[in-house]
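Scrolling down, you'll hit the structures one after another.
In what follows, chain A forms one complex with chain B and a second complex with chain C.
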Partner chain A sequence: MSKAGVVLCRCNSIIDGRIDFEQLNKKLAADKKVQAVIQVDMACSPRGKKTIRELAAMEEVDRLVVAACSPFSKGAVFDGFALEMQMPKQLIELVNLREHCAWAHEIKDADKKALTLIKMGLKKVLAARDLGQWSAGCAHVNKLKCDRCKRCIEECPNRAIQLGADGYPAADPAICQRCGICVGGCPLGVIALPDFRLEEVSAMLAPLSSGQSPVIAGFFCNFAYQEADLMGQIGRQHSPGLHIIRVPCTGAVNMITVNDAIAEGIDGIMVVGCDSSQCKHRKGNELAKYRIANCRKGLEEQLLEQERLVYVSLGEGLVEPSVINRRKCVRCGLCAQICPYGAIKITDSGDYEVNARACRGCGACAGACRSGAVDLPQASGGKIMAAIKSALAG
Partner chain B sequence: MPPKVDHTKCDGCRAEEEPLCEQICPGNLMTLNDEGKAICRENRDCWDCMSCTKICPQGAIETRLPYQLGYYPAKLIPKVGTNKIIWTCIDINGKVERFVVKTRND
Partner chain C sequence: MKANILICARPECLGETLDLPRLKQYFANNGHEVLIHDNFCADISNLKLTSSFKDPDRPAVFAGCSPLGMENRIKMLFHTPLEVANIREQCAWTWLDAETANRRCREIIRSAVRQVAYTPAFKAPPNILKEQLAAYEAEIERIGPNPFKA
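On to the complex of A and B.
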């Protein structure tokens, strides 16, 4: 049976200044599934890596939970560790103790919340199993359970899923963006992303019910998760009952997971994502809203309150649209072809124009333009060069 | 008692050849009507296994309880999770009970 090792990162006394690590250590060591608990000063430093490597070399430990900072701050470092240790990166789970616990809660709530968060990570990492999705590197359909309803083919925003020769849908790794919209739409829940499987997510929900009431499971899309990190960084507090689970897009939240959450006795479910028409995956949030509206009707039938399941959108404000320099433009039309949102159109005079409302500032047009006529104000060539210079200087 | 399909919710699984309820029904009773909505073709042959009710992704199918079990307001609603089902039982007086049953779909 596989057992997990837990790494507690002090983050130069930032985290352990607010969370009692000794008590956490004692409580985690009592867990049967935990083989060893170690504390390190900086898990992302070379010395931290050495300690983690020693822990991973222990005989019974084949998966790790690293309780440190946000995956958006140092996640890539731990992916690198996994690569060096020749371990699938799905077996290292990063628990965000810094932004979502130490900085976001009062000291008295933080200890308990930290334990719950680490237990959620443990559950996820212990449920991690390769059904073929790890090697595929994109959305993977479990053909043993799939019943060929073809919803995923219809809903995929990138048309990455096509019907294979064997009659089952299969995703093209070259096109798939790993947004998880197919995962959320699958009525049988048989699609998995390399790091996102419904069984793992529902396993994460089990330790929540011991949290402080009202217990809320928050499914935050990557964008909203970063915003939550930011709130932690500036010291804004949120309710200790809110447990943030990262999903690639709000469209990846399957209503099966919601049923699981209700069955676990969780009081409320929040799905947090972008404002309408702002979704980077084009229609993930619209699909999520549609599914949530359906599920809320189901909740009412069960005589549960509809308010238990809500969609919350964060207003992103307006993104600065890309600008076409008429003098440089040779009117090749490549930008209009490449724009994923159909924001660039040809006018009667033969010029190309950006529809500021439709543009979401992805920069695909700026990258593709061969004459350098398209520029994105928030990430112009000059700004990027300046950033590179400062990075090299540091 | 036969399954009752809410035709406003049913989308016939997007007019596929075989909707999920048709595939799952052990008696092969479910089918699509001319409008592409699910119907039960032989009501009296249904033995209330509730497979179609559980599988429907739209939650459009309700299994009517036989009168021996409960008259009209009584309901039995399953909601399926990954490895558990929540059964909501509403009796004829409107009393609600919930049961969470583990399944073996891990």
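On to the complex of A and C.
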């Protein structure tokens, strides 16, 4: 039987200054599925790592929920822990208590929300099973259940899935970008990523059903998730009714999961991703919108309101767009050609300008411009040269 | 360019390898104002700066943890351009030898001081998430709770 441990990170009193850890500890310790609960000052520090290792060894815990900060902040640190402890990294779930709870809500709402978020994490790690996807390291098709409809082959934006010699689709680990678009599109739900399996996501929805209305499940793509992190970091709050579940891309949201969420009694489901044509995985958001439109029809047939499922575009405040210096620009148009998001357009006057809403700050335009007319405000040429000069000065 | 340098010196974070008074002296000799803060996390948590520089309009450098952690929140505490020097993950936790750690720490902060001249001031973006969520919650309240909830 699986034994889960919970690590509550105080983060130098940043998190426990807003969330009552003693109450949380008591409630979690009473949960039969929880083997042990510990509090550490900084789970990401060498000292925190030592404490977590001791917990895993003493209590024979085989999976962990670490309630700390955003996976975009310290996710790599805990992946490293998993490697050192020889534990598949899917068995360590990082619950974002800092950006999505302590900083995002009033103190009176944060305690309750924290418990729900940790329970969601627990459900996820307890539902984690290796069906071959961990060793594959990329999208994995369960051949026992696959009916060879070939939809995954058609929809994969990288053409990483091809028909194997046995007649079943298989992903090439060298090409697969783990965007999860195949997971979202599979009508039978038989495709899984190493850290993203539909059963795990559906399990995460169960603790939400007991919440007060309106309870909203938000499937946030990595880009939108970072925007939610940013809002928490700068102290901009949002309603505690939203429970964010990170998905690699909005295209990875399978409508089976959406139907599970409706059946669990969740009032609303938001699929939150990039604006049109701004998807890093090229067509993930467009496919998500198409699937949502079909699913909404299905909801109506079941006499449920279509409004329970929506697609929302986010990620606008996350990056500062690149800037074109018109005095230096020779109007060669290379930046517009190279921009993967189509964010640079020519105006009526013949000048090139950046659509701030569409720019993702990747810097491809700045790297390509031969006359040095394009700059990224946060990583300008001058700033990079200053760092190089400083390094050379010794 | 002269900058205001704030060093977070919490021992649980940085350990005891770095010689912070010597570091402070080094940058003060170069015309920068240096403050050593014992627990800057408290300021970060409360979004309120408790230490004040003599000239608060100078660009600032925060020397402490990785910018991946809390860069934007730290930027909210300063009205001037701010650069983060990661002396925790890339120095204190990486180098066990005191001499190397102190030399690297000085280099990292010096690089950030040079870079801050090219850094624009932080502009907090609007809270679109809150707006979109409020509109959606109003819609859900209009149609009522999920009938499966019962």
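What we mean here is this: the second predicted complex is superposed on the first by the 311 of 394 C-alpha atoms of A that agree within 3 Å, B and C clash if a C-alpha of one lies under 4 Å from a C-alpha of the other, contacts with A are read in each partner's own complex, and residues count from 1 in each chain.
One rule holds for everything that comes next: a contact is a pair of C-beta atoms (placed from the backbone, for glycine too) under 8 Å apart; a residue touches a chain by one contact, two chains touch by 3 or more.
What you are looking at is a predicted structure, and each value in this text was computed from that prediction instead of being measured.
Chain A is touched at more residues by one of its partners, and among chain B and chain C that partner is C. When the shared chain is aligned, no partner comes close enough to touch A:P88: not chain B, not chain C. Of the two partner chains placed by the overlay, only chain B lies in contact with A:C149; chain C stays clear of it. Contact with chain B, but none with chain C, is seen for A:E199 once the two complexes are overlaid on the shared chain. Applying the stated contact rule after C-alpha superposition, one finds that A:M42 touches chain C and leaves chain B untouched.
Of the two partner chains placed by the overlay, only chain B lies in contact with A:N294; chain C stays clear of it.
With both structures placed on the common chain, the touch criterion links A:G363 to neither chain B nor chain C. In the superposed model, A:P187 makes contact with chain B only, not with chain C.
When the two structures are aligned on the shared chain, A:I262 is found in touch with chain B and with chain C.
The intersection of chain A residues touching chain B with those touching chain C, taken from the two complexes, comprises 262-263. Those residues of chain B that touch chain A in the complex are listed here as 9, 13-14, 16, 19-20, 23, 55, 57-59, 75, 77, 79-86, 88, 90, 96, 98, 100, 106.
By the touch criterion given at the top, residues 10, 12-13, 39, 41-42, 44-45, 47, 66, 68-73, 76, 93, 107, 110-111, 114-115, 117-120, 124-130, 132-134, 136-137, 139-141, 143, 145-150 of chain C touch chain A in their complex.
Per the touch definition, chain A reaches chain C in the complex via residues 11-14, 17-18, 41-42, 45-47, 69, 72-74, 103, 209, 213-214, 216, 227-228, 230-231, 233-239, 241-242, 262-268, 270, 304-305, 307-308, 310, 312, 314, 316-318, 320, 377-378, 380, 382-383, 386-387, 389-391, 393-394.
Interface residues of chain A, counted against chain B in their complex, comprise 147-151, 154, 187-189, 198-199, 202, 256-257, 259-260, 262-263, 294, 297-298, 301-303.
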